Structure formats: structure tokens, C-alpha cells
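Order as written gives the chain letters A, B, C and D; numbering starts at 1 within each chain.
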Amino acid sequence: MRTEQEYLEGLRDGRVVFYRGQRVTDVTTHPSLGVGAAHTAIDFRLADDPAHRDLLLVFDLETQQTISRYFLIPRGHEDLLRRRELIETVTRAGKTTVPLVKEIGSDALFALLVVTGELGAAGKTAHERVRAFHARCRDEDLTLAVAQTDAKGDRSLRPSKQPNPDAYLRIVEERADGIVVRGAKVHTTNAIYADEMIVLPTRAMGPEDKAYAVAFAVKPNTKGVRFLAAPRGFGTTSAFDNPVSSTTRMVETLTVFDDVLVPWERVFMAGEWQIAGELAKTFVEFHRFTAVSYKTPLLELLVGMAALMADYNGITKAAHVRDKLVRLVMYLETVRGLTKAAALECQCRQSLAVPNVVYTNAAKYHFADRYHEMAKLVQDIAGGLVVTAPMEEDWQNPETRGDMERYLGGAGATAEQRLRAINLVRDITASDLGGYLELLAIHAEGSLETQKLTILMDADLTPYYDYARQLAGITG
Amino acid sequence: MRTEQEYLEGLRDGRVVFYRGQRVTDVTTHPSLGVGAAHTAIDFRLADDPAHRDLLLVFDLETQQTISRYFLIPRGHEDLLRRRELIETVTRAGKTTVPLVKEIGSDALFALLVVTGELGAAGKTAHERVRAFHARCRDEDLTLAVAQTDAKGDRSLRPSKQPNPDAYLRIVEERADGIVVRGAKVHTTNAIYADEMIVLPTRAMGPEDKAYAVAFAVKPNTKGVRFLAAPRGFGTTSAFDNPVSSTTRMVETLTVFDDVLVPWERVFMAGEWQIAGELAKTFVEFHRFTAVSYKTPLLELLVGMAALMADYNGITKAAHVRDKLVRLVMYLETVRGLTKAAALECQCRQSLAVPNVVYTNAAKYHFADRYHEMAKLVQDIAGGLVVTAPMEEDWQNPETRGDMERYLGGAGATAEQRLRAINLVRDITASDLGGYLELLAIHAEGSLETQKLTILMDADLTPYYDYARQLAGITG
Amino acid sequence: MRTEQEYLEGLRDGRVVFYRGQRVTDVTTHPSLGVGAAHTAIDFRLADDPAHRDLLLVFDLETQQTISRYFLIPRGHEDLLRRRELIETVTRAGKTTVPLVKEIGSDALFALLVVTGELGAAGKTAHERVRAFHARCRDEDLTLAVAQTDAKGDRSLRPSKQPNPDAYLRIVEERADGIVVRGAKVHTTNAIYADEMIVLPTRAMGPEDKAYAVAFAVKPNTKGVRFLAAPRGFGTTSAFDNPVSSTTRMVETLTVFDDVLVPWERVFMAGEWQIAGELAKTFVEFHRFTAVSYKTPLLELLVGMAALMADYNGITKAAHVRDKLVRLVMYLETVRGLTKAAALECQCRQSLAVPNVVYTNAAKYHFADRYHEMAKLVQDIAGGLVVTAPMEEDWQNPETRGDMERYLGGAGATAEQRLRAINLVRDITASDLGGYLELLAIHAEGSLETQKLTILMDADLTPYYDYARQLAGITG
Amino acid sequence: MRTEQEYLEGLRDGRVVFYRGQRVTDVTTHPSLGVGAAHTAIDFRLADDPAHRDLLLVFDLETQQTISRYFLIPRGHEDLLRRRELIETVTRAGKTTVPLVKEIGSDALFALLVVTGELGAAGKTAHERVRAFHARCRDEDLTLAVAQTDAKGDRSLRPSKQPNPDAYLRIVEERADGIVVRGAKVHTTNAIYADEMIVLPTRAMGPEDKAYAVAFAVKPNTKGVRFLAAPRGFGTTSAFDNPVSSTTRMVETLTVFDDVLVPWERVFMAGEWQIAGELAKTFVEFHRFTAVSYKTPLLELLVGMAALMADYNGITKAAHVRDKLVRLVMYLETVRGLTKAAALECQCRQSLAVPNVVYTNAAKYHFADRYHEMAKLVQDIAGGLVVTAPMEEDWQNPETRGDMERYLGGAGATAEQRLRAINLVRDITASDLGGYLELLAIHAEGSLETQKLTILMDADLTPYYDYARQLAGITG
């Protein structure tokens, strides 16, 4: 297994990253982006930590070696339950921020394995490339990002009908040594911290969209690849005022492919428009399971902040507060319970355990649909000081600290304790980070509508339709 | 195992049942109550049906005999998953109406086993009585009802403080041969169809409520026991107009105990007020798991009726209809998924697998809180004809049938098909039965508030509270 | 003004009414339908009651005579506010059941006046016919029903594309003396109790639907008109068990037009497909205002029942009960407040005050969308006895009454008081009537989707769109 | 009337303001706080603008002079409707940020006039002081802030029971020349931009809380008054990235009263604990009406942003988008409609029109309870780019602008237009400002629970209770 230092060292490879109008030469030491690099390295730190090693690493019976558990191909519900626990545990250790440099990549690898495998002979070459790539990632303990969502332009039009032909990433040339691709992917998470980047289609394609049916892997420092990192909310530096956002960071990029050459051995799909939709969907099925696994620490924190603020405000026994606490608990446990049910009721494709689609999407929808409401409950209990209290600079000023100490304490809590709790609530629910988390809730891993659509596609209503006919006494 | 006929024969034992102002001498042949008896007998019919026998019966390793699976003491999550499937399957076969003559009784037995067992030496006698009673029920394949909810009177007062001392059932005399009890239980389901009736306390008690801390078993034909059966909505007889309510029936009674003598070997608790709450709660933990297991066929029917009516009305492709269908599916699967999670995450007490309390209650709350909303979605899709269409008598009248045939057909559906579908929707969601189901949703197995309360009692918030403190950087 | 007796006398005119498989010769004396006739006569009783006369009657400045206020053409927001009060008051006196024999008819007349008036010269003849018809209704103090919703068949197809050409009512012949119409209308409310019936189109039409663009008035006893009255839930006769449904009744019919000749002076639209949609919509605009005016007494009753049951159960001070009460109050007052806002912000068309479309539809949607939830809150407070208590026949039986008296009383309430309150809750929320009210909530006066559609059609979003552009600094 | 310059000049009076650890000597020129001063001056600019003068100013018949309409004592529903329009219009002009330097102050004056007036002879002195103070504010066209919410400490304890006796502001000394007060108020809005500050009690008091029953007016530069301004989210300076938060600002302070002497003529209540609750409540009644009046421009903006982003994303015709748009419109209009109903149904106290309490609180609750959900709908339509797009610095960098131009345009929208729209959505819903607005929604003008409590206190349920009894046939 690689060490944290080896991982970080690998990121200094000349990749082209822009941030706040500047080219960044080293993402691991940059004052702002470096925070994210230190955070993603948690995977390597925990694998090295005796308390977590058994979860992070696993002896792979198939290859007879110890590997990072992320790359373990799930063969049954027990593997999926452990994968869920892995993702939850690492995210909890990461202050509710998932590192996402192995989770999403392995989701993509599993989907590629399944979909190319299901093609049989027609997919033999592709399947072998995927297997080889998976083996290399596993054996070299690599980190991976996934770039899926295209720029899209006018969402009412198919890729080939866009006024801008590059609105969806496409093959502009097929050469002997590979394909040349052009376009851009949005919302690429943590690619600037990954060793490899897998590119997948974002939707189903028709025959006219052939050039857009493309999947492959590239190294982030490949010629023509550029990252424009979103700077939203990265200005926080006070651990007092912003205990989470100042110390962890997910970085989203606009990832540009400016006529990038991808060698054939890295190409997994090139023109097979018939399977683009299936590949996109299968990836999402794995990835939504990852999503609902990494959401729970954030929801645990919502419960914890509510309980803490109720205590500090002296309102723990108020009936409406108790009601809000139990709603938060039910929210957390409904997401977690459905995730476990998704593992328990997995289905096998190509000897690979795929989490149950309906349960996974129901969990994801439940999480996403109610997230804002749950943040509201926390804010409701925390009180208006969350946005009206003076902050660290005033706390450090002797002229004002006395007033803060005298007037901002709570029930059995000093002003400092209460302010720290308040600041956490603001950082998580009412700040640039809070806004990011709200958007993430409803757009990451697909929008609310796509989760509903997926359920409707996968749920077989026929038995229920027939049951209704039978009970109604309908014949014919 | 007993046959259906043996079971029904056993109910003709002189039990005192009143219905619509009349004494009923035989509940199995009475024109209205007989419908319920025929329905509850489904347990025996299915046990005799090769298609279901493996689910209904089980070879009990502990006693080395084949028994009704209801009585199998669950030793792990697999047993609970099978029990869930058992209850779901029988209820589905019973047109969404659970027979409830073995489910609830075994819930009570399990709870009594656990709670008396946990008392150790202090509960030795009681525990042995419970074990003996369970063994007899199992070996003789008996049916059981449970009477728990007291009349209550003024709910803001404890049992011993009620103006009416009999508002909660109590011991009025302890004799050498047993105890004499007086009071009444409400909402007793299907006791008139059971061989035995277990009586449990409904709440926690204080020392002054000692006389009210009582649990025992009685035969329904015991002297002093009277049943007043609620006649709500039992007038339906047309299978065309009321396809479900005319053929299945749950009967709730006001069950009066008019100085009933209970021999000591049937007494499980008499004055041990300290454990009354624990017994009530443990029973409810098992019983809510039963509840969320038997609810799913009704929810399947909601989905089916919505899909059927959408089809018959020609609106299957409308976006809002699809949205409603997926909400119904998510509702069903959230309840079912959380029930499975409750089994998966069971905890052991006295070597007995108790379903996870938080998941069970979250499932029950999810079901109950949204039931009315989901019925609304079905009604929304079905249309106003559900309550404005002419019914069977007009359908049978040659003067009017032609108009109905000409004008009440739908998209690819004859008038008869559409009317039958409409009638099913009315019967299930917009009728006396529909009202009963709404009340059942929010009151059976405890109200919405009690589910929230239970979760708050069982969920340990400390780890989340500490996590919030840790992330906020709070010390001291 | 006519008397109650004159009104009822007028209904004995040979109209063809079928009910439960039988032809009914006199709707005013029929044991079941007569209940509805007695109820609708409330308009005449109240007009004769000094306590209500000033509201029911009005001196019409335009005709210089005292008329029923229902027929007063609203000229400004004050007229609409009084009309709202009129409808609310009569419905409250009618035990929450609107008589609907003048409300809906005047809504139709107002819409016909507006739409034919807006046609100018092209609509001159039609407009004069409408004016004359309105004048006669007003001067003769007539009652009116409205038949609008067609049978529809396959809702995904336009009228002229239906497999059954009569799925929408249509003109089958134009003659010198009038038009001949064929088809059927569903959900026609109280037409069997009306002197006249106005027929309106149910939707917008295209040129190919010309034959379906028809509006007219007929007397209910016209040759070829047949009524099939829906019998749903009309079996209740005990005022103890069913205090509302046994004494008031709205009757919905399938109204068949079997080649009915309508003289030209009664024809208001015949082929003008271009205005069919506008007529349907304008009627609905008036009628939804009527709807939200007559809903409030039912919502007042929900509040009252919840308060009463909370009191009888001894739970008035429980925090969750208080929370439910305030939700019920907000629900009631939001509907009522938005109705008043709809009057206040009316717009003038043809010198006629039309209630504000957005506020009216927002009120109606708010009412309809939350009705089931609010019924749930009442049931939650009332408790399970609503469906499990013995009923009147047991109360009258001396063998069982004692048990009921002893065990079914509440906090400061006798068993009789509590049972009567419980029965009211069941009658209104958990019975055949309760189901009818649920369907009525979401389907009468248009479904939830149509209310959203109407708002989107009428609300002008341009100012808000421009405001967003302006604040964003967008030019071009 | 004063000019903008005169107003700003008046703020340079030596008031003690701290911000981000520094003493601020001039709030009108400070780089960050100056933005707020420029914003609050909008009242003066609009009064000087011919397009708005008639709304901002009014000829006061009582004093026979032209005054700022804010100070006009409302005598009937027309005055309240105009006041609503005034507040809405000014806030709309202020980019959805209410200036709040006259609105809240006049609310307090109205409440003081009513409550001291109702005391009759006992309140004569206080009433005269209030009248004189109101006259001065009106005649000198002053700006006013209100400080109401105390620090509170342990919210489960009354003021006099707090471990910290200063947790609620109190009188520490009564002198011949006035009272000396000590304590702190939180959430004081824009006091640093006001000429006067009115201090009111925050809750009902008991006799032991006498010292805490205090109301008065002070100038912000009074000796002992200190302001600690909350710095939350004030770092934004790019009008491209943060079009609203970079140009408008509400400033909340922790307002410390360090033994401040208040001359008697400025004291309105000092020890009259019996009326503290009534004063707090009456102020809130006026102020919640102000609140629901100033919320509508923000809600208009939510509608506008959703419509704009739907357009730019090419999804305007998607059914789920239309559904979300209509929900936003209904939300806006329900709040606005209920506000109008509150004006229409005002009640007179001391010849002063008080907005209807139930409608006002229902409007406020409707606004607050659904705000997060509505922000979610906007985010849902806007898409993930709201938080993942590069921002102004990258837009200004020639190396990256080309990529942004090529890939971030939408349906008929340039990249710049779409980015500006996206940035507006982020600024309003998913940023430090967005978090502030969420907290403001549920805590400003009282929490959700207080609105429910107020409704329950004010709504008379007796008529509904009696109606239920009557319909149930209950006597005795």
C-alpha cells in the first residue's frame, strides 16, 4: 500500500489547475487547495491506523493479497454492508466530508465491469481493458476521480442537436493510437487530487449521438486537460468561526478536454451508443449507494448539533424541541436503514453484487428531499445568534471579549462553548459551505427527478396491478 | 396441526358476544360476524396449502417437531426476516386484512418471555408459567388475541387517580386460587375468534398503581368476560360494490371483565408495577414489527389501484400521475426496507431476537404519518366517480345498465371493469372501511406520538452529541 | 320570493330519477332522497328567517326589487365579500353541507354573461338569451344545477377522437326549433332538486370538436333526460351514530341526455368551439370562489371536533395536541383569508367583479391539498374508539348499555357525550361520508392539477423574471 | 423632510461600534459597514424620487403636514394596505433587503401608543411621553431601531432566576434624573444606522421580574451603549459573484448597555411587569405585519430566479419545473394574500388599526415554515453549477475565460448571462447571505413556535367547539 506521502507526491505532476484567476503549480501546498489535498489523504492515514486498518484494508481472496477495501469487488450483501461501513467511517473521520478519491472511482470500475461484461463477445476487448485497469488501480493503490456530467447547454436538446457541438464531450478523431476527445465536464469532484480520472457518458444516446458515446481513463496531467476549480466558499481560515470548512474541502472543477489524445488501451467505449445509457445508469446505481453511505455522518452531525444547542439553550425538555430531535433521528435512520436494505437485497450481475436499485434510490431521495427541512430544524433549535453573533476577531479583541463572555453563555455552557457550537451550526447549515451542502444534497449523484425516474424504471408494478385486478374481481 | 374446521369448532364455546344490540350465539355462522371467522381461518387453510406450507409451518429444532411458524422463537435476523415474510404473505392472501389470531398473540408471548426472563430469580415462577403457556399454544396450535388498551377515562390522570377506579383494568381481589380482575379493554382485535386472550398492561405504572399492574391469559368463554363488537361498516354485502369489506373483516371489541377469576397458573404479573412499562413496551416492540410486516400488502394494493386506475383513465403517461406512482412505490418500499433493516439489526435479549426498535418505529411512523396522503394520491388518480358512480343495484337494473355501459367505460376498459376498479378504490379508501383503515394507520399499535417517544427513548444521541462537540472544538 | 313548499312542490314534475335500482317518482318524499330535498330547501327557510333575511335577500338597485342575493350580479369587492359570507352562513346552517341549488347556478350565469358579453356583436344573441334567462331565474326565484363534467372515456384523447363519440356530450342535430343533444354528464350535484339545469362544456375544444362546443339550459323533466343517483353512503339513518350524514345529503347523478331537444332560446353556445375553453374556465373561476366559501364551515367543524375530543380525552394541554389545534386553525384561516383576498383583489370583466384567479386557486389548492392531513389530525386527537366503539343499537340494549356507560366516558364527559362526539368524528372523517368528503376535496371544482394549471396560466411571471435579471445585472 | 446626506451626517456622532475586532469611527464610510449605511438611506432617496414620493410621503390630516408615511398612525384597513405597499415597494427597490430604519421603529411606537393608552389614567404619563416621542420622530423625520431580544442565557428560566442577573436587560438604579440600565440585547438590526433606538421587553414578566420590565428610547451614542456588529458574510465585494450581498447589508449587533442612564422623559415603562407581555406581544403584532410585507420581494425574486434559470437551462416546459414554478407562485401569493386579509380584517385598539393577529401570524408562519423548501425548488431548477462554477477572477483571466464562454452558456443565454443568473441564485440561497436569510426566515420577528402560540392565544375556538357539540347533538 502507498503512504500518504507517496500519494501526495504523485499529485505534483504538472497538471494544469486554475484557481481564482491563477495557475496553481502544486495543489498539495497551495494555501487553499492544499487543505483539500490534506483531507483526501485521510484514506492513506486511516489505512495506516491500527484502529481502522481492518476496515480500510482487506485480504482479497481472488488475488491473494491485501488491498484497499475500496477496490474489492462485492460478491454479496456482506461485502456491500462492509463497503457501506467503510465509506461511513472514513467520512465520519473526515468531519463529514467524504474524501471521494477511491469511492467514486471504484463505483465507475464496477459499473464498467458489469456493463462491458454483459456485452459478451461484443464487449470482450473493452471488458479486458477494464479488468486490466481495475487491476492496476488495485495493485498500485491509486486514487481516481470520475468526470461524468457534461456542460449540456440546452437541456431540452440531445447531444448531437446542441448549437454548440462540444456541449457534450465527444470524439473528434479516431486515430491508430487512440481517440481524440473534446468537450468539458462539470462538477468533477476532487480530480485535482486523483491519480487517474475516469470519464463516463452522462445519459442515454441515440444513433446520431454516436460520437458522444465515449468512456475512458486519463491521467490528470495529460496534455489538453485543464481544471478550473470552483472557489466558492474557500476563504474560511478561522477554525473558531468555521471549524469544518476551514479544515476540509471538496473541490469541484470545470474539467476541459481540449483535443485530448486517449490511447486505445484506456478507451472503454467509443461509439457504442446503445450502451451509453446503461453504463451511465449502472454507474449511478453504485454511486448512489456510495452517496447514501457517506451522507450519514453529516446527518449524525445534524442530530448532534441539535442536541448540543438544545442543551446549551436550556430547551432540551421543550416538547417542540423533542419533536424536532426525533424527526432528525428518524431522518438519519431512515437513510441508513434503507441503505442497509439496499445491500441486503442486492442483485447479482456478472457475479457482482449490485445494490438494490429501489432501496438505494428511495434512500437517496429521502435524504435529498428532506435535507433542507432538517437543516431548518437544527437552525430552529440553535437560534438567531447563528448569524448575528460576533465572531473570532471580536473574541480576540480585549475591548469586546468581556461583553461576549458576559452575555453569550448559555445553560451550563460558557460563552466560548456556546459560540463554538453556534459557529459549527453556521458553518454546516448557514454559510457558503451550508449552501454547497444544500446543492450537493439535491444535485450530486443525480437530481431528485432522476431518482424518481430511476425507481419508476426499475420497480415492477405488474404484481401490484394484478393484485388490484384480482381483488376487484376484474377478469378479461 | 389443527384443521380449519377444528379451529372454527373451537369458537363455539358459549363466549358472550354482543353485536348490534343482540347476543350472538355462534360467531362462526352469524351472517356478519361469520365473515370475520371465515377470514381468520386463513391461517389454517394456508398451512394446509402446498404452495404456502413451508412458510406457514417450520420444523422447530428446539422441540424437534413441526409447528406453526408464528410460535417459533426468533433466534436471529433470519428468523425475523422469515416471520416478516410469513405475516406479509398471509395478509396478502387475506386481501390485505391480517387475520391477527396468531401474530399478535405470539408477539405477546415473546415479550412475556423476555421480560419475565430478565427478572432472573425474581421472575422465575412467572417465567415458567409463560413458558408453559407458550408451549401449550404452540403444541395445540392455538389462536390468541391480546387485550391491552384500557378504557382510560381522563388521559391526563394515572390509573389510580381516575374518578372511575375501573377506567384501567385492575385486580380487585387476590384469592388462593387466583386473582379477580375488573375493568375493560378497548380495541381488542379478533378476540371473538381466538382460543385464548392474553391481557397486558397498557402503560408504565407507579407504586400507587400496583393493582393495575396485571398480565394474564383467559379463555374468551370465561365467566364474566363479555365482548361488545363494534359494528362500524359491517353492512356491506355486495362483492361488486365492496369487494374487500364484504368478504374480510377485523372485529374490534370493547372487552369487559366483570370480576373475572384468573387461576394463578395463568397469571404472569400481579402487582409488579416496576415492570409494567417494560412489558408494555417490549410487547409493542414485537408488535410494531408485526404491524409493519402486515401493512405492506395494503400499500401494494394502493400502488396497484393507482396503476390500474391510471390505465383505465388513460392518464398513465401524465407527468403528475407518474410522480404520484413513484411516491406510492417509495412509500411502500420505505416501509418494507426499514422493516428488513429492523430484522437485520435486531438485538438479543434472553437469547430472543428483538427487532431493532428505532428502525421498527421509523417504519411504523413512516407508514402511519403518510397513509392519508397516499390514499389521497390514489383517489386523485381514480377520479370523482369513486363516490359519484351508480352502483350494483343500478347495474343489475336493465333500465339503467345500458347508460352505465355506454358512459362509464374507460381507456381500453369496459364499464364493468372500470366500475369494479372504482369500487375497489372506494372500498379501500373512501368508505366505512376506508375510514377504519385511516384510524388503524394512526392508532393501531400506538399513536404517532408514541412512536416518536419510543424512538427518543431508545436512540442514544450521545455519540452524535459528542461528535458535534468534537467538530466544534469544544472542550471541558 | 318563493316559499319552501312552493320550491318542493315544483320538484314533483315527472323527472326521471333512478336510485338503487328503482325509479323514484317523488324525490321530496322518498325515504332516502327526501333527506336531500329537505336539506336543499334551507335556502328558502333561511330567507324566511328574520335572523338571516338581510343576508339571504338584497334590494337590487338595478332592477329595483328585492331578490335572492345569489342572483345579485357582483359589481365590486364588497359584493363578493357578502356573497362569500352568504355561502358560508347557509352552509354552516346546513351542517357543513352546501345546498348548492343557487350557488353553482349563479356562478354559471355570471360566467355566461361575461363570456358572451366579451364576444361583442358576435355574441349578441347568446348574450341576450343569457340575460333573459338570468332575469327569469332571479325574478322567479328558481333553483339551478349545473352539469359540466363529461363522461370522458379515455382522458388522453380529445372529444372528437374518442372511440365512443358520446363520451363527451354533443349536438347530434340542429333543427329549426332547436338542437338535439346526446351524451352524459357525471358528478352532477343536486340536479334532481333543481328547477333548471345549465349545461356547460368541460374543457377547451378544437375546430374538430365543434359538435361538442355546446352550452344550454334544460328543465330536469325534459324528455330524454335521465338521472342515475349515486347511492354511496346513503344508508345511514341513526342520528346518534351518524349525526350529519343521516340528516343532510348531496346527491350526485350520472345525468344522461338521450337525444334531448333544446329550444334555441335556451341555447347559449352551439359550435363556437373557440370560446368553449374560456367559458369552462370562467365558470370555474366563479365556482372555485363559491367552493372556498362553502368549505370553511367544514373546516370550522374540524377545529371544533378536535377541540371537543381533546377536552373529552383530557389531553387539551398536551403540546402535540396544541400543535395540531393550531395547524387546524391556520388551515381554516388560510383558506378563509385567501378567499377574502380573492374578493378584495377582484378584477372587472364586463362590469362584473370576477374573484382574483390566483388567490381563489391558491385558496382552493391549499384547502384540497391538505384536507386529508387535517382530517388525520382530528382522528389523531379523537382516538381509535372512533372506529372501535359500539354504536346506537348497543346503547339501546339494556344488557350492554351499562358497560358502555361505565367504560366509555371521558374527562368530565359522560359516555353519551363522548360517544356522540366520537360518532360525529367518524361520520365526518371516517365513513362513507368521510370518504365522499375526501374525494370532494380533491375533485370537486377541478382537481389539484387543474388548480395549479390555472394559476400558471393566470399568474404573470414576467415582472419577477425581469426583477431577477435586473438584480443579477443581466443585460441584452 | 431630511435629505439622504442629512441622515448620513447624523450617524457620525461618536457611537461606539466594533466590527471584526476593530473600533469603527464612521459607519457611513467604513468599507464594509458603509454598504449598509448607503442601503438604509434608500428611504430618503425614494422619498425624493417623483416615482415613489406619493407612496413614501403622505399628508397627515391629524397634524396637517406632509410626513414620512411610516409614521402615519393607521386608522383603518386602507392605511394598513398602503403601509404594506410602502414596505414592499421600498424593499423591492432595495434588492429585497428591507432598510428597517423606520419600519420597525414605527411598529414599536404604535405598540407603545396602544398599550400605554389602554392603561388609562395609570398610563397617562407614559402615554404622553410616547406621544411626544412619536411626534418628534415624525416631525424630525428620524430613523429608529428597536432592541428587544435579550441575551437570555438559560431559556428555561425566568429573567430573575438566571444565574447571570444581566442575562435580561434590567434597571439597576432609579435616580431623580432617570433610570440606569444594564444588560445586552441581541439581534439588534441596523441600530448603528439609526438616530434613535427603542428598547422593549422580550417577554411576559412576573412580579419578581419587576426590574426587567423596562422600555425606553436612547440615542445610539449615549454613554455606555456599545455595538458589536456581526461580521457574518460581509466579505463579498464582487458584484459579479455576489450581486446582492456586495451591495446591500443588514447589520445585526450585540447591543451592550453598560450602566446607561436614561432620562425619565425617555422612559416608557419601568417596573410595570403586568404589561410587559402585552407590550412585547403588541409590538410583535405590528412587526409581524411589517415582516410579511417586506418578505414578498424576496419571494418574488425566488419566483423570478426559478423562471430565469428554467429558461436558461432549457427546461421551462418540463412538467416538474412547471410544478415547482406554480408552488413558488402559490407560496408568494399565499403570504401576500394573507397579509392583505390581515389588513382588511384589522381590529381597532385606541383608535389605532391593528392588523388581524391570526392572519398576520398565519402569513408569517406560512412564509417561515416553507422558506427552506422554496429555496430548494429554486436550487433544484438552477442546477449544481450554482456551487461548482468558476467565478469572477477566472472570468477575468484570459487563460480561462475562453473555456467558460465555450462551456457555460445555456439555452439562448450566453455564458455571462447564465453565470450572472447562477451567481444570483447562489448569493440569495446558497451562501453566507443565503444562510442568513434562512435563519432570518425562522427567527426574525419570533420563531415558528411563537407564531403558533400567538395564534392559539388569539384565535377563539369556542364557536367551533360549540358548533361541534351542536352537530353531535350533545347537551348538558
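Some notes on this structure:
Throughout what follows, contacts are C-beta pairs under 8 Å (C-beta built on N, C-alpha and C of every residue); 3 or more make two chains touch, one makes a residue touch a chain.
Nothing here was measured: the structure is a model prediction, and the numbers come from that model.
Across the two candidate interfaces, A-C and C-D, the one carrying more C-beta contacts is C-D.
Per-chain Cα centroids separate chain C from chain D by 42 Å.
Centroids built from CA atoms put chain C at 52 Å from chain A. Residue positions 320, 323 of chain D are each in touch with at least two other chains. Interchain contacts join each chain to each other chain, per the touch definition above. Listing the residues of chain D that touch chain A in their complex gives 18, 20-23, 149, 151, 153-157, 164, 166-167, 183-184, 186-187, 226, 228-233, 235, 252-254, 256, 313-315, 317, 320, 371-373, 375-376, 379-380, 383-391, 393-394, 396-397, 399-400, 403-404, 406-412, 426, 429-432, 434-436, 438-440, 442-444, 447-449. Residue ranges of chain A in contact with chain C, taken from their complex: 319-320, 323. Those residues of chain C that touch chain D in the complex are listed here as 92, 95-96, 239-240, 243-244, 297, 300-301, 303-305, 307-308, 311, 322-323, 325-327, 329-330, 333-334, 336-338, 340-342, 344-345, 358-359, 362-363, 365-366, 414, 417, 420-421, 423-424, 452-453, 455-456, 459, 461, 463-469, 471-474, 476.
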